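What follows is a pair of complexes built around chain A, which joins chain B in one and chain C in the other.
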Partner chain A sequence: MEVRLNKKTKSVLSAVCIALFLIFVYFGDIMISPGSSWKMLITVIEKGSIYALVAASMNLLNGFTGLFSLGQAGFMLIGAYTYAIFTIPADSHDKVYQYFDGGLIKWSIVEILEGKMGVLGHYLGMFIPMIGAGLLVAVIAFLIGIPVLRLKSDYLAIATLGFAEILRAFFQWNTLGPVTNGSNVLRKYTTYNNAVFPVLVSGICIAIIVLLINSTYGRAFRSIRDDEIAAEAMGINLFRHKQTSFIISSFFAGISGALLAMFQTTINATPFNTVMTYEILLIVVIGGIGSITGSIIGAFLFTAASEWWLRGLDAGRWLGISASFMRPGFRKVVFAVLIMLIVLFYSRGIMGDREFSWDGFLTWCRNLPANIKAWPEKHKAKSAARKEARAAKAAAKAKAKQAKADSEARKASGEALFTPLPVADHVVVFDKEGK
Partner chain B sequence: MDERKTVLKLSDITMQFGGVVAVDNLNLEVHKNEIVGLIGPNGAGKTTAFNCITGVYEPTNGSIEINGNVVIENHPQGKMKDTYKGRNQGKYTNTLTMLPDKVTKLGVARTFQNIRLFKGMTVLENVMVAMHMNQSESVFGATFRSRKARTEEHSMREEALKLLKKVDLYENRDDLSTSLPYGKQRHLEIARALATHPSILLLDEPAAGMNPQESDDLMNFIGRIRDEFDLSILMIEHHMQVIMGICEHIYVLNYGGQIADGTPEEIQSNPAVIEAYLGGDE
Partner chain C sequence: MGLIQTWLPYILAGIAVGGQYALIAIGYTMVYGILRLINFAHGDVFMWSGLIMVYLITVLPLWLSIILVIIFAVVLGTTIEKVAYRPLRSAPRMSIMISAIGVSYLLQNFALYITGGLTKTYPAIGWLQKTVRIGSATTKMVTIITPVLTIVLVVLLVMLIKHTKIGMAMRAVSRDFETSSLMGIDINRVITVTFVIGCALAAIGSILYFSNYTGINPMSGAMPGLKAFVAAVFGGIGSVPGAVVGAFVIGICENLIKGAGWTTFSDAFTFVLLIVILMVKPTGLFGEKDIDKV
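On to the complex of A and B.
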């Protein structure tokens, strides 16, 4: 059974779902009291949407252009710092930059614009540094890309990882203290006041990534992923297209870094390390390399698991079980085991390289009861087949054993092991000269 | 000699990898609307010659002209100066290199010996990728679906569909490229090369792995596209039936060196060719 909806119904459905979700997030954030355990849901949606954006940007690179890059955390770091540095209110500078005489930049874009345009200026003041963060990251990606993108596969991963680590060390450098506050935290910068903000910004950015993937450039990226040599022979300039993909991916990583800064309210360069890159890679792999839908689902699942469902593993009590080995850090062990299991048995991830579509979703929903009903039968058939295979294997083994015993017996009795080939009655000899 | 215009000319092309001379002093000409064959035993350097023409390799010595302009030229440099084993050292002094995508833009399209289709894409998308280089919209315009991007996308799709109809793949347009049967994958690869609007088509063993019936179809197909798309074709092939059937001129390579060239009849009776293929008298 297949469901097919017309285009208009689909867009109406999508619009309604998105609107309902945004309304839910907006009022959820206002209404749910901070003490309630449901507040966690809103937190997961906030952080999940930020991770969804960075995972989608990483997927654009790894899953759609075939560039195995591990620099995402480094780019997020630049984005987060750029946003924070330009939005710390003027009178907080002395407190934040207490070791660096109040820092070098003594103004905040948000305050300047708010003073001129009111509420509109406030949001404009948040957007400008956010976009600026993205653009700065894009410029840095352009510079890094010139040497690095000539490398292939694993070497590219090593080089980008190295650059990300260098960036982290650079931002903690004491000499840059008046700007980056050295190894101290940046805080008191302007943040959003409702969870709907990161959801909306991430949503728009992901939509742009999807539009790019479905354009002619997206097709060119995918051709590079599938076969570089053939893509080049089709007139696609490899370096320019890789560079474009790298810059765009980094731009969105920068935006998500700015959003993460807002979410955390304080930032420091330390957590933007390889572990963070691997978390993002984990999301991409769980969701499916080459599927934006997968990255979104993976991001929310990962965030929910690490922030909410598996919290108990670190605290010593989870689902009513308490054990002495559930100490801080045990959650990471569970994640490590999970990724091993996924890579071994489910390497295509949740979505593989498919994307969400209303037709596919509704067909799946409609067939779900039938599939569940058919499941025991399928299981039975499978186990029967397995039993049969086992029996056949045993039979073959017994036969081989028998054959071996026979040959041994024959050898012992002195019988010839091989029957000689039949000799031809007459032999024709071909002469080279043909005589 | 041939009165038609020369579209592709290789002069003294030598390709040396370390101490191995893969292509040794190859001189080759393809005239307009001609089908030229390049044959030779395994390891004779045929595919290497293709890779030199398409810019995958930089030849060690020699020059390549496309449509009358020298686009690739090189001479032994650096360490190669001392280790160079080929001829004509010192004849060329320029260094002109070109990346494969630039060569394709000049109108030289190719197919591959082992099929290289874009696996994760449909038949239609495979062809549309080849048209990407002819569109002029920027990445921003394409992402935000500007009017220009939409018209270009539309015309690309129309043209790709038209092309697929011509090569009998219209019914398979939404199938994954790898799900096609082998013969159709070959056709798709040729269609994809045609989508770049080439004037010269390089075919690397198009009949590999085909049965006699399929090779016959392929011969007709190649002849047909030559007329329909106004092409000059240079092809590597092992099926003698195909080569002798459609080529007007044949070049024979052995151990990198050029041992003969001429019409199919001349080649068939050339003792050097027979020796290369069947082994000489002891």
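On to the complex of A and C.
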């Protein structure tokens, strides 16, 4: 049973769903009191949407272009710092940069524009440093890409990981203190006041990524992933396309870094380490490499699990079970084990390389009852097949053992293992010429 | 003379650190040579052997804990190989790499859970901490022992690879995985032996390394791990002597940079070196040419 909708219905459905979601987030953030446990839902949506953006940008690189890059945390770091540095209000500089005489930059873009244009200026003042953060990251990615993108898969991974580490060291360098505040935290910069802001921004960014993937460029990226040599033979400039993908992916990583800075309200370079990159990569894997929908679902599941559902594992009580081994850190262990299970046994992730579509979703929904009904039968058949395979394996093993024992016995009894063929059968003796 | 006097301590420290990196790098280079896999978990095996030492030394005598630490690292490494890498042997390379990253994430988080995120003090091993004078510089015994021990172990390892049957099998497998399996070499056994050697050396390296640094936390395996990998690439991946030379170069340069007052960028140097070597001579110093066939 397949469901097919026409294009107009689909657009309307999507628009309605998105609008409802945004309204829910907007009013949810206003109306749910901070003490309520449902506040966690809003936090998860906020952080999840930020991670969804960075995961989608990493997926563009790893899943669609086939470049195994591990520099995402470093790019987020630049984005976060760029945003924060330019939006700290003038009168907070002395407090934030207390070890550096109030810092080098003594103004905030937000304040300047707000003074001139009011509320519009406030938001413009937030967008300009955010876009600026993305652009700066893109420029740095361009520079890093020149040497790095010529490397093959594993070397690329290590080199980008290395660059991320260099960036981290650079931002904590004391000499740059007047700008980056050295190894101290940056705080008091302007942040958004409703959770709908990050959701909207990352939604728009992800939409741009999806549009890019469906364009000629996207097809070129995918052909590079599938076969570099064939792609080159078809006239795709490998280096140029890899560079494009790398720069665009980094741009969005920078924007998500700026959003993360707003979400956290204070930032420091230390947490932007390899673990953060690993987490983003694992989100991509959970969702399915090569599926933007998957990355979004993965990001929300990841943040929900780590921030909300598994919280109790750290506090000692979870699902009504309490045990002494559930102490801080246990959540992450459980989490890492779950991820390993996914990587080993479910390596396609949630979505594989499929994307969400209304047709597919509705078909899936309609077939769900039938599938559930058929599940026991299917499971039975599967387990029977597994049993059979096991039995066959055991039989083969027994046979091999028997054969080995037989040959041992024959060897022991002195019988020759090979009976040589009679010479006349297989040796042709050539007469010498002229005889 | 004055120049040598100022730089000697840094060079000595560099040689020591280089030897410790070398012991880790061998694990990377051998595994990469055979499986074509960057074993991201190797740095964490190194960190875990350090942690286990911290816990064992409180109840057991020194010699027994050293032996047990080495055994632990070997068991951990081979288990990782069996559980996380073996099932994916025929999967695309990216999956195995992701699996390696997953294992690394798991090991780090588990260490975080066990230690509670605190930095543990590494036990002071008496005879390694003794101060020695060389020329005008005073240094710890470990600085002298590390390079000597490293070189002895590497010579033994090279002899193993060159002159024994299992060594011959290793060379064959690293040359061509499939053909050697067709020739009747038990590939799984060769890979297990590789992991045993790599992890044992990493455990020895961890004892020497952490004796120098005293503090150990769940993240302290990541950086030495990455540096050791770069050392392996620098020397030509798959080549044991190459990895050792690379590790000494990185260790010495890093400490010279520290000596010049650029401590922030001592880590960055390693990665600059990686990029430069891959641009100029992608096969490394002693690597063999790798031809990609269409």
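Keep in mind that, in the parts below, the second predicted complex is superposed on the first by the 383 of 435 C-alpha atoms of A that agree within 3 Å, B and C clash if a C-alpha of one lies under 4 Å from a C-alpha of the other, contacts with A are read in each partner's own complex, and residues count from 1 in each chain.
Here, a contact is a pair of C-beta atoms (placed from the backbone, for glycine too) under 8 Å apart; a residue touches a chain by one contact, two chains touch by 3 or more.
This is a predicted model, so every value here is computed, not measured.
Overlay on chain A: chain B and chain C fit together in the combined arrangement. Using the contact criterion defined above for the overlaid structures, shared-chain residue A:A220 touches chain B, although it does not reach chain C.
When chain A is checked against chain B and against chain C, the one touching more of its residues turns out to be C.
Of the two partner chains placed by the overlay, only chain B lies in contact with A:N237; chain C stays clear of it.
Of the two partner chains, chain B is the only one that A:L212 touches; chain C does not reach it. Looking at the shared chain after the overlay, A:G145 reaches neither chain B nor chain C. In the overlay built on the shared chain, the residue A:G290 is in contact with chain B alone; chain C does not reach it. The superposed model places chain B and chain C at 80 degrees from each other around the C-alpha centre of chain A, with the value given to the nearest 10.
When the two complexes are overlaid on their common chain A, residue A:A336 makes contact with chain C while staying clear of chain B.
Look at A:I229: by the touch rule set out above, it reaches both chain B and chain C. Legend: residue contacts after superposition of the two complexes on their common chain; A:G71 is shown touching neither chain B nor chain C.
Once both complexes are placed on a shared chain A, the shortest Cα to Cα gap between chain B and chain C comes to 8 Å. Applying the stated touch rule to the two superposed structures, the overlap between the chain B and chain C interfaces on chain A comprises residues 229. Listing the residues of chain A that touch chain C in their complex gives 62, 68, 147-148, 150-151, 153-155, 157-159, 161-163, 165-166, 169-170, 172-174, 229, 273-275, 278-279, 281-282, 285, 289, 327-330, 332-333, 335-337, 339-340, 343-344, 347. Put simply, chain B touches chain A in their complex at residues 54, 56, 99-101, 104-105, 109-110, 112, 116-121, 125, 128-130, 132-135, 137, 139, 142-145, 149, 152-153, 156, 192-193, 195-196. On chain A, the positions that touch chain B within their shared complex are 208, 211-212, 215-217, 219-220, 222-223, 225-227, 229-238, 244, 248, 290, 353.
Within the complex formed with chain A, the residues of chain C that make contact are 32, 36-38, 83-84, 87-88, 91, 93-95, 97-99, 101-106, 108-110, 112-114, 116-117, 219, 222-223, 226, 229-230, 233, 264-265, 267-268, 270-272, 274-275, 278-279, 282, 294.
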